[in-house]
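Pasting the structures in now, so scroll down.
There are two complexes below, and they share chain A, which is joined by chain B in the first and by chain C in the second.
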Partner chain A sequence: MKHQRWLPWVFLAPTALGMGLFTLIPIVASIVLAFFQWDIITPPKFVGFANFATVATDSTVQVSFLNTIVFVIVAVALQLGISLGLAVLLTEKLPNWLRSFFRSAFFFPLVLSAASVSVFMKYLFNEKFGVVNWLLSLINVPAVPWLTSPAGSAVVIILVYVWQNFGFSFLLFLGGLASIPTETYEAASLDGATGWRKLVQITLPLLSPTTLVASVMAIISALQVFDQPYVLTGGGPGDSTRSAVMVIFETAFQRLEFGQGAALGVILTIIIMLITALQFRLSKRFVFYQ
Partner chain B sequence: MTTTLEPRRTASPRTRPAARRRRIDWGMTGRITVLVITAVFVIGPVLWTLSTSLRLPSEAFSLPPSFLPLHPDFTSYAQVFQQLNMALLVLNSALVTGIVALGQMGTAALAGYAFAQLEFKGKKALFSVILATMMVPLQVTIVPVFLLIRGMGLSDTLLALILPALPTAFGTFLMRQYFLGLPPDLAEAAAIDGATPWRTFRSVYAPLAMPGLAIVGILAFNYHWNEFFRPLILTISEQNFTLPLGLVSLQGNMGTGSISVVLAGVILSMIPAFIVFIFGQRTLRTGLTSGLGK
Partner chain C sequence: MALTQGDALAITRRAALGALGAGVVGATVASWPRLTGTDIPGRGDNSLSIVIQGTKADASARQKLVADFNKVHPDIRIKVQAIQSVDWKDFFVKLLTMVAAGQSPDLVYVATEGTQLFAERLAEPLDSYVQRDAAELKEYFEDVHPSLVEAMMYKGSLYQLPMDWNAANMYFNTSALAKAGLQMPADDWTHLDFRTMLSSLKQANGSDFTPYYWTNRLFGGVVPWLYINDTSVLKETKAPGGRWLWDSFYQNDPSSKMRTGGALWEAPNALDPRVEESFDFLRGLVKDGLGVRPEEGGGNTLVGLFASGRIGTTPAGGYWVEGLHEAGMTQDQYDVAFFPKWRTQRHQFGTAGYAIMKTAKDKDAAWEFVKWAASKPAMETQFALPTTTPTRRSMVNEALYAGKGPKHWKVFYDTLDKFPSTGPIPAPPQQAAVETALIKNVSLAVSGDQAQLKSALQSLQRDLEQALGGK
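Then we have the complex of A and B:
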């Protein structure tokens, strides 16, 4: 279509200006700020790499980043395993109404707010009055100090997170499974392949592009975990469930060390990018494209 | 003759399908059992929350718990409006979410149209930059955004939540895909009829892209109705809180005293999400999984 040269920029202006102002400039500003010490009140002071060096010295920062890595490994493994298993169970010949019932049920937590979910989960996991411990007492399990012990807190945060997020990978896997042609299975059946062999030798390889996407998205989102530990445990007991984003939040907005907070944000972003890049690298060996 | 008789004897058509059917039934039973148990784990906590919110505040902690509130009691629902400025929280959340959703539909439609149907220098480069911003986590921009909002004199206002959320990289990407699927001839036909470029967009292309716009709107609604991190940082006074923030602070203030009041608030805050779930589930599903994978 012929049009004036300035015309596209009228259409682009809201997005381009908004993103420039609230995304691109802040990215650059964050990187610059990471080299300064600034509390808004006194003038900023250039400190070189000192803000980055705290990662090596500050034990709270170290513990929080380590917690996050452990959380990502366990939560993402659970999330992908559960959602893949359920997606495989669901694609086999089930009545349609049952299929859509289960699909809706597993999808439901995705429309809720992670903060509100954490509010009611905190009540469910209450050591004395919570329904979880009450149910466990029925099978003679003594009251578990869910939110007052480091191990219990970690378990609850992982459970609550996976509870809310597995539906997303589940949807991705359902889509991936639907795209595997049924003829492939029929051919395998003719060759005498059983259910388990079909799963391992057909489903998993043909699903690997979906698995890559699902794992990249799951890892990126788990690395940014905040709402659940913030509401459920406040990072405690001690620092046992403090996450990387919690420490960024506390550094910048509670202790008003904006330079330090920016530096930690930059470090987290670099970790996210490195892990994503690594996944795509590895995918060249493990992902099978039709 | 003998060759056709032999297989019939070893695999009689009567017994084999029956045996297979029985075996499949067992597999099916196990399968459905696993799915049902999972569904109970997923829906159970929400139903439990609902049932607790309908009990008297004093009974919220009674053990053994009664699963069904025999006498539904709405005291907690009345109290949540007294103890928490529920009406204001709902209004704030609705304003922020509504304006952001409509705004994103607008900015994404405009930018997506430019990328799909208009010609300009640096199109590819600009589009790559926009795509790249999707990879940048919120945490790396939030400190400068906070300082910027403060500098603009907008800190502790609803605008602080709205303005930075108006442009959307994912929405732009999605709308570009939608407009790419529409034929460019439409624009030429409209131009011959004397339509201005704006009219061509407004009356010809935008209406055809409504399904895509619905996805952008519903995704924005789902995200911003539920978001917690930005409101926690960008609002300070309670009169500017959104629902999730208000509920978390209510829980903090009240300890575990009258949990059923907090849970009543949680249930109320879920209603819009539930409506989206009922009526927009397909759109939301498409949106969440679109643009990913192949």
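Then we have the complex of A and C:
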């Protein structure tokens, strides 16, 4: 019918409008802004690639991007490892109510505000008055400067981030595990396969599509880490926990170099796109579809 | 004919689209004030919009002030909007975002941290208004210390009338002092006396006790220790000018001749040997367990920790009195002293007042509010509790601290009178970047060995150069 031609567009319009207004236009504006010097107050001035040249030689930027890469490697490995491990354990024979309880408990941190969690954790990990050091003191472990030493800060930020985010990967893995046919395990058992062998030769390969999705999402999210280092350590001590997004925020909103901030945003976006593209390319070799 | 349930649920596509359209129109009409920005305080009418740092409750608390103002100026409508923020740096970020979005307020209550940022870019100088209404303002300036006024000057022009202020004095837990057999220190005590006191406090109060707690920020962190050692992380020079004000209002003040057009911080100074000396002193306190490694911020936890008797001493200003009272501390459980002496006894302070924005719709009306807010009755309404220190000397009195303490409350204003070189927080127009640079390097500087200290100061110097390079 005639009016059916435009009907899909009507239904798509709200989403398209939202995407255009709040995603597409800001992306284009950020890319354009990266070529201007702008401090909010005075009119923007075109500077070509100068912003990219400036941020590329900035030692704080270099350190913060390196920190972010190290953070992504450790945090994503932990997040995926823990969530996969817990998902596998939870598919074992457990009463339904206990399974439901753990499923909710593991997912719960994800719905909390990262900033609120970080404020709370800041109290827990305070060197002098925190509960964590008090507990350690009960077993004669001396006070650890969790938030005032480079190593301690990095550990706390990774722990807090992983604790708050593993729930999402956990749910993905739980869904993935449920889709593996039980007959495959039964056949393997008849052939004498043990638990470990089943995990390595059946579960992990058949779970690889889920692992790909979980790792892509975890890496993209970890590359944008901001709340935890911003609230817990302010990026310190020194630059030891400064992340890429923190440096974007500071460049734009504290130093009022919005052009440089936008240039950093463009660089980070390109890095995210490259890593994601690499993951999908590698997936052709490592991901098995049933 | 009666409809079956199936008929009732069968909604035609036409009806669905109609309902959708009606919904969109309805939602647009309902949110029209938000979409057009007319719900923003001061927009859509001629109200003066005032932005303050704080919560909605803080904005409501100023309604009495607004109501009193409207009794005098019924023709000037006022709307107060509070911006909630972690600190001043965060406040300025949010305010600048408002300005960029075309929602610039008419007046902003700004502290020293933002005075020069506003003076350089956003605020209107008050010089012509002050000169015009000199007779009315004579009484105000007679009551306010010139150091506070000078802190509001930038390159010879005055940008705000200071309303409240706080110096970094030293608070003591008197129970902890008594346990160690110590008395409150003398006015001219030194940094070495301070260290000796901390050692005694530590010995007497056990391992769970922190003799000295300090925070990592621009106010009350490392800066007071730099000021008493006659140095700072930024080179401080004085701008010429300002005689129009000093010769008009402070000609009889003994410090009038030393007054200038305001402080300038245009170059980093982190490699000054005295800076290293001050940092090294703090490093020694941390190393010997006399002071904590400072975390960023940390101010929120401080009142509770101090009130619970777990901290011996910490730098803070008059703003702490009400908080400690609410936390259950009686006036004899704590006291306040001057910061110790080193090469000088120059203290650090911060002050705040209303700045008129260059973009204000009606600057004359805005000035009327500023002038009225600085009057004694208005300030008594605004600063009825010791949550800060009023800039008017006559208001810092027995009555303000009655039942709340501390015993030596006179220390607050005496800080200005006894040490006229006492100066503002080093806050150039690039304050946010300067504070970030300082915070990020302080913790490393005081928590390692001598080599780490030197390396942190070199890093601080580089970061400050970068911060000051881009305005």
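Following the convention adopted for this analysis, the second predicted complex is superposed on the first by the 272 of 290 C-alpha atoms of A that agree within 3 Å, B and C clash if a C-alpha of one lies under 4 Å from a C-alpha of the other, contacts with A are read in each partner's own complex, and residues count from 1 in each chain.
What we mean here is this: contacts are C-beta pairs under 8 Å (C-beta built on N, C-alpha and C of every residue); 3 or more make two chains touch, one makes a residue touch a chain.
All of these numbers come straight from a predicted model, not from anything done at the bench.
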| item | value |
| --- | --- |
| Side-by-side fit of chain B and chain C on chain A, or clash | clash |
| First (chain B), second (chain C), both or neither touched by A:L12 | first |
| Partner chain in contact with A:F253 - chain B first, chain C second, else both or neither | both |
| Touching partner for A:I272 - first (chain B), second (chain C), both, neither | first |
| Which of chain B and chain C A:S104 touches, first, second, both or neither | first |
| Partner chain in contact with A:L171 - chain B first, chain C second, else both or neither | first |
| Which of chain B and chain C A:R285 touches, first, second, both or neither | neither |
| Chain touching more of chain A, residue-wise (chain B, chain C) | B |
| First (chain B), second (chain C), both or neither touched by A:N126 | both |
| First, second, both or neither for A:T233, with chain B first and chain C second | second |
| Residues of chain A at both interfaces, chain B in one complex, chain C in the other | 7, 40, 122-123, 126, 128-129, 253 |
| For the chain A and chain C complex, residues of the former touching the latter | 7, 10, 39-41, 58-60, 122-123, 126-129, 145, 147-150, 233-239, 242, 250, 253-257 |
| Parts of chain A lying in touch with chain B, wherever the complex brings them together | 1-3, 5, 7-9, 11-19, 21-27, 29-30, 33, 40, 82, 86, 89-90, 92-94, 98, 101-102, 104-116, 118-124, 126, 128-129, 131, 134, 163, 167-168, 171-172, 175-176, 179, 195, 209-210, 213, 217, 220, 223-224, 226-227, 230-231, 245, 248-249, 252-253, 258, 261-262, 265-266, 268-269, 272-273, 276 |
| Chain C residues touching chain A - in the complex, by the definition given at the top | 13, 17, 89, 93, 96-97, 99-100, 121-122, 210, 213, 216, 292-297, 301, 305, 310, 430, 432-433, 436, 439-441, 443-444, 447, 456, 459, 462-463, 466-467, 470-471 |
| Interface residues, chain B side, partner chain A - complex | 27-28, 31-32, 34-35, 38-39, 41-43, 45-46, 48-49, 52, 60-61, 63-65, 106-108, 110-111, 113-114, 117-120, 123, 126, 129-130, 133, 135-148, 163-164, 166-169, 172, 184, 187-188, 191, 197, 200-201, 222, 225-229, 232-233, 243-245, 247-248, 251, 256, 259, 262-263, 266, 269-270, 273-274, 276-277, 281, 284-285, 288-289, 292-294 |
